[in-house]
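Consider the two complexes below, in which subunit A is the common component and subunit B and subunit C are the respective partners.
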Partner chain A sequence: MNHAVERYLAPTSLTQALAVLAESGGATVLAGGTDLMPQSRAGRVKFARTLLNIRRVPGMDMVEVADGKLLLGALVTISTLVDHPLVRDHAPLLSQAADHFASDQIRNAATLGGNLCNASPAGDTLTPLMALDAEIELVGLDGTGVLQSRWLPLDGFFTGPGRTQRKPNELLRGVRLPVAPDDQKVAFYKAGVRPALDISTISIAFAARRRDRAILHDVRLALGAVAPTPIRARRTEALLEGKALTAELVRVAAASAASEATPIDDVRASGWYRKELVLNMTQRILEDVGNN
Partner chain B sequence: MSATTEIVFMLNGAERRVGVPSTMSTLEMLRDMLGFTGTKYGCGEGECGACTILVDGASVNSCLMFAVDCAGRQVTTIEGLANDPCARVVQDSFVKHGAVQCGFCTPGMVVQSVHLLATHPHPDELSAQRAIEGNICRCTGYKKIVDAIVDAGCAVGDRS
Partner chain C sequence: MSEVLQSTAPSTLIGQRIPKLDAPDKAAGRTRYVHDIQLPGQLYGAILRSERVHARILRIDTSKARALPGVSAVITAADIPDQRPIGVVKDNLPLKTDRVRSLRDEIAAVAAESEELARHALTLIEVEYEDLSAVTDAADSLLPGAMLIHPPIAGAKSGDPVGLAGRDDNIAMRFDYVHGDVGQGEAESDVIVEDTFYLHYVTHCCMGVSGVIAEFDAKGNLLLYSNTQVPFLHKREFAEYLHIDPSRVRIIQPPIGGGFGSKLDIYPFEVICVYLARATGRPVRMVYTREEEFMASPTRQPVRLTLRSGCKKDGTLTFRSVHTLHDNGAYTSWGATTPVVMMQAFASLYRLPHCEYHTVAVYSNNPYAGSFRGYGNLQATFAIESHMEKMAAAIGMDPLAFRLKNAHVKGEETGQGNIFRSCGFQDCLKIAAERSDFLHKWREYTGKQKEPGRFKRGVGLAAMLHVGGGAKIYQSDGCGTIIKIDDFGHVTLITGASEIGQGSETVLAQLVCEELGLPISAVSVVNNDTEITPWDVGVHASRTTFVAGNSAIGAARKAKDKILEAAAPRFACAPEDLDMKGGGIVRKATGEMLTNLPRFIRSLHFAQQSDLVITTNYYEPPSVHFDKGYKGDISAAYSWAAQVVEVEVDLDTGAVRLVKVTGAHDVGRVLNRLGLEGQIEGGVVMGQGYALTEDLQVEGGKIRNPNFRDYKLVTAPEVPQMDISFVESMDGEGPQGAKGVGEAPAISMAAAIANAIENATGVRITSLPFTPERVYRALHGALPELPTTPKVAA
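The block that comes next holds the complex of A and B.
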């Protein structure tokens, strides 16, 4: 084992935590540990000299609605996403996706911020949040020790498997997304070989508003585990925008979604199989939306 | 070798003070440092649930939790449930339904069931099944375990 952690800290304020991150040599951030523990033991992640537990930082587990946005702190657990009434009411797509995540024990420990910063293309909160136009807040201290905050669209945050726009001195503080409009239709689909404890073979998150005459607006289709990062299928979104779902449009859109997926072959599935899944499941999702 | 941190936490209702290496798992601390071997090591990577414990009332895999993160929290292992009234009902129900064969998964199953019953006193079959999605049993085929949990639910619910 390669465990050379020289110092463990669990600061009780955000500024203290950020000051530790700003030190030379930086720190390895610990939230729920459900990625960090297995990844460090497998030698896939090397610890920095300092292990920085952020779970004692107050306020980072908040769930709130303000100014038409749902605000979720980075330390909100996946279980909270499943159960919390504000999340269920205002982001049902995210709640549904969280319910398909790992097992109860892992949902109780795993955090939203950890899922986003781990940046797996198969991360189960990533596609729903992209489909819901979520933004994330990164905070850090500038050279004079003053707290700086920047908001980024989640779409664009991921730069590769396990890689994000987060700078080493920054923490992800939270996520915000518009509360779901009344006429929003959503669907989440996760393919795996068994219902629980399975990393997604692919995942699809769909959101759109449907007003009179069944016309779709603000269409979002996000695909997971079909590219180095989760992606928005923008050409397919454009095909669907402003249209009513006909059998022909469903067929064309599903084919388009499959063509936007560029999956690899790996232990979970071949690239060919993943594209077939995207095609068939996009078709099923759109048929369901059309029929309801 | 990683630095050792002294932590203080409540283990099964009693205060504990231990020095733990920063990267040690809670499972290793419980079994190897403190001798609480009721919590089992199955896979060490979150797949089997044999290591399930309660932390501040929520069930978690102790193999995935950094021991240092126990500081200041309430940790409950299967040993701590020996005299818990709800856990007694669960254990009796496991015995009655033949839900224990080799017994390796049983501590984790019981802790996870206690967590379910704390929030859902009358689970149906589906919620019992969903609650133990993270617990592997190599012997029983799950049917008897699910029956035991549903039945324990009735018993716990009837008393309250």
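The block that comes next holds the complex of A and C.
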């Protein structure tokens, strides 16, 4: 299939996997392969000499709650995000978003880590995780073969389409996020040509805390597929922070969100239409939050 | 035994729900398609395609590919000096010599020990190009001084086809049709409406990708395992391209993973595969990748269409004048003849005294357009049935009454010469409207257009006419059948008609069993080997059930006659007193079972004067060829349908949800209800995809979305609720009264959806597809105005 690949490895420990990545020439990391394989067939990705399947690395598919945080391993599949009770209870926004993702077959293979490392601005777990203040863990071996770990806020991890802060010798091990407070309001919206099995034309993830229809705080609004990376609409968040939702505020905030979007024209939609969608759907989301 | 059979089996198979004979194997994954076939010594072929839209080929260096171990042959045009141009106007050399005209163009081919090796070898071939300016807009190709796609070739002999002689313009085909006097029609009109429509590219997306295996035996006979829809025509054509005697070409069709018209033409890859087999002396299999299927298989014709029609205040249509422009792509396929079908819709869908239609199909550097289920009728009907709605509004009539006013009835003959010996059109319109509560909803939703709210509902009605009794395009529109009843009473039905997934073998078996009084399990069907099966023109034009069905019934009747004639003396009666029922021979008057069939057949076979029950039949439908002006009763029967769709439009996003489809189809008669429902439901969804989601985006000659992620077929959650009724007009010529319906259900979907969107929002959209963005733009006046279609002087 791919003549660049000379060696296929499927290590059964994290250090083995990281040792392979640390070799000169590195390796192409394979998780579910649902991005990698189509991209390689379309000629957009060149494989390194070594193809490194990380799916047998133990522990990387964990779903746990500890110290008020939900911990998700990079190999957690999208299906797990949809179905797992801990994810549904503690990160309903992520679960909802995962339920807009591809088809069952793809969801069973596709991983959270793959979605994040693929760094598509249209990736459907990216905006909810940004809205939920997620952090990610990158691990690698240092020069002496000792495992090093660093945690980064997810916002800031993405540096461009398909580009991240991950170094070639690092793996993404997992994600952590605060468990959802019980006054959290969330909404996820995804636009596409079809209601299922589609890549987002745009996506919007909203999270905020609010008690008894009072003021919003900790407002997060993340937008997908409207810029080279998913973005937080920070000016709009600031507009909404500490306010009660009025019709006027909703209108102003929606216009502000649209102005923070800088989408391009591509095979899925024009930039103009994407901005219109951000405007209309931010308005709908805020109206719904206001009414509930 | 026979009594049990009689009492539990229904008295007739007609109208029953009979599962497809090939379904168990397909469902179990046991069907062996072309890509599952592995012949001893088989090599794998792959094609190097152009990376340029339009360019001169300056140099091809295959030396590195040839040197790769495991590669048996690398060929270019230089290796095949006797190449002949292929295609309906012979304008396509399988391997290109000095010029590539589109991205898919074939430059070189490799046969190797594995598919991987073959594809790897392709990457080692070096091609140097010199780019030429490209024509990627059909209107541009008509401009004076436009870059010629097939420029005249010096030294060509007179009479040489386009592929050898070139052309001094970019016109691949043109059609001009007139009946009546359009000027008079205009003068008699109270209202005249003109609209322009743009129809986009879509492609077939067969589940099985294109593939072929070619093998020569030691005597030089060619065996092809091919997915073709027209094996007998291809046998002759291949022989011509290969300079061999047609009787040396044998075509076997493994089960075909979908056709939908895509397999009516011979394509360069098939001829190239034969060249590779010849060069290597080994069987060579060539199967597309999915990406290749998107890039290098044909599309539906993209069409620009300007329609001008008139009517009187009372709703009587007066005239119609149509100009269309078709983007052919760089080569001409059978699909370029789609105007022949389109003109029937323009001229004959409604009673119309005056009609003219002018069209040109032009060469461009875009992908090559082919034939596709409906064969132009989706494009024509989208325009007509959108336009009818506007005319109805202009004279203040409701869409149903306006259509009923102009809808044909049984016995009418159209200006084009179609004679409607059976016609359920009025019933189709009434039933679809009634069952969907059309008029009531249409009025209600019209009233709600201006009300606030995010979601708007709308209903839309559209109708269609299509051939339902074959189409006499080739010398013969016939089909042959052989029936053999063996000494176990088992029937082998050998038919020329190909099965491409449409369920023909099941319905043919059913018709034969009905004649012979046998259960469906008593028949097996052989339909895929030109060495065995009798001639048939091919699977197209919704003709198989009608033509092959009549042929099979005829053969079965002959077998029955033979059996009953032999039986009569034994039971001391006349053949007319006997019948075949319940697996045996019965006395007609009393139903008394006289003997079972196997025992009787054995008694014939193993007698003193032994005989076999083998019969043949050839059926030629009583249709006629068009005259030079495209007039004549081209089909033995015509099928009708009306569809009402209900949609919900999201004003925030422009997304259109298809909620329900209420269809009424004049099918003549229901034969296999299950198969018919499947055919209609599948066609509805195909029409839905054409209207709403499917869009092969071609920009500057390049396909931007050659994959299922970005080319959006309808998926399960979007499939609408369906209420399908069948109008049984009992066609006098049809097999058991049936007419063809293979193409019908997709044809009027786009128009019905356009009409429903207008009913919901008040906005008329005349270009496809209705993706959320297009609809949203239309709602906000942000769709560009469509220029009218250029008129090309004859």
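Throughout what follows, the second predicted complex is superposed on the first by the 288 of 292 C-alpha atoms of A that agree within 3 Å, B and C clash if a C-alpha of one lies under 4 Å from a C-alpha of the other, contacts with A are read in each partner's own complex, and residues count from 1 in each chain.
Methods note: contacts are C-beta pairs under 8 Å (C-beta built on N, C-alpha and C of every residue); 3 or more make two chains touch, one makes a residue touch a chain.
Quick caveat, the model's predicted, so the values are computed rather than measured.
Participant: Kindly classify A:Met281 by the partners it touches after superposition: subunit B alone (first), subunit C alone (second), both, or neither?
Facilitator: A:Met281: touches subunit C, not subunit B.
Participant: Pick one for A:Pro38: touches subunit B only (first), subunit C only (second), both, or neither.
Facilitator: both
Participant: Could you tell me if A:Ala257 is touching subunit B, subunit C, both of them or neither one (first, second, both, neither)?
Facilitator: neither
Participant: Return the chain, subunit B or subunit C, that is in touch with more residues of subunit A.
Facilitator: So, of the two partners, B touches more residues of subunit A.
Participant: Identify the partner contact of A:Ser270: answer first if only subunit B is touched, second if only subunit C is, both if each is, neither if none is.
Facilitator: In the superposed model, A:Ser270 contacts subunit C only, not subunit B.
Participant: Should A:Ala17 be classified as contacting the first partner (subunit B), the second (subunit C), both, or neither?
Facilitator: neither
Participant: Going by the contact rule set out at the top, does A:Ala196 touch subunit B (first), subunit C (second), both, or neither?
Facilitator: Both subunit B and subunit C are touched by A:Ala196.
Participant: Please identify the positions on subunit A that touch both subunit B and subunit C, taking each partner from its own complex.
Facilitator: 1, 3, 38, 41, 103, 195-197
Participant: Would you pull the subunit C residues touching subunit A in the complex into a rising list?
Facilitator: Listed in rising order, the residues of subunit C that touch subunit A are 116, 120, 123, 289, 291, 454, 652-653, 655, 657, 692-693, 697, 704-705, 707, 709-710, 712, 714-718, 771-773, 776-777, 780, 782.
Participant: Which residues of subunit A touch subunit B once you look at their complex with the stated criterion?
Facilitator: Its residues touching subunit B are 1, 3-8, 10, 30, 32-34, 36-38, 40-41, 47, 51, 53, 55-56, 79, 102-106, 108-109, 195-197.
Participant: In the complex of these two chains, what residues of subunit B are touching subunit A?
Facilitator: For subunit B paired with subunit A, touching residues are 1-3, 5, 21-23, 25, 44-47, 49, 52, 58-61, 63-66, 68-69, 71-72, 112, 115-116, 130-131, 133-135.
Participant: Looking at the complex, which residues from subunit A come into contact with subunit C?
Facilitator: The touching residues are 1, 3, 38, 41-42, 103, 191, 193-199, 201, 267-270, 272-273, 276-277, 280-281, 284.
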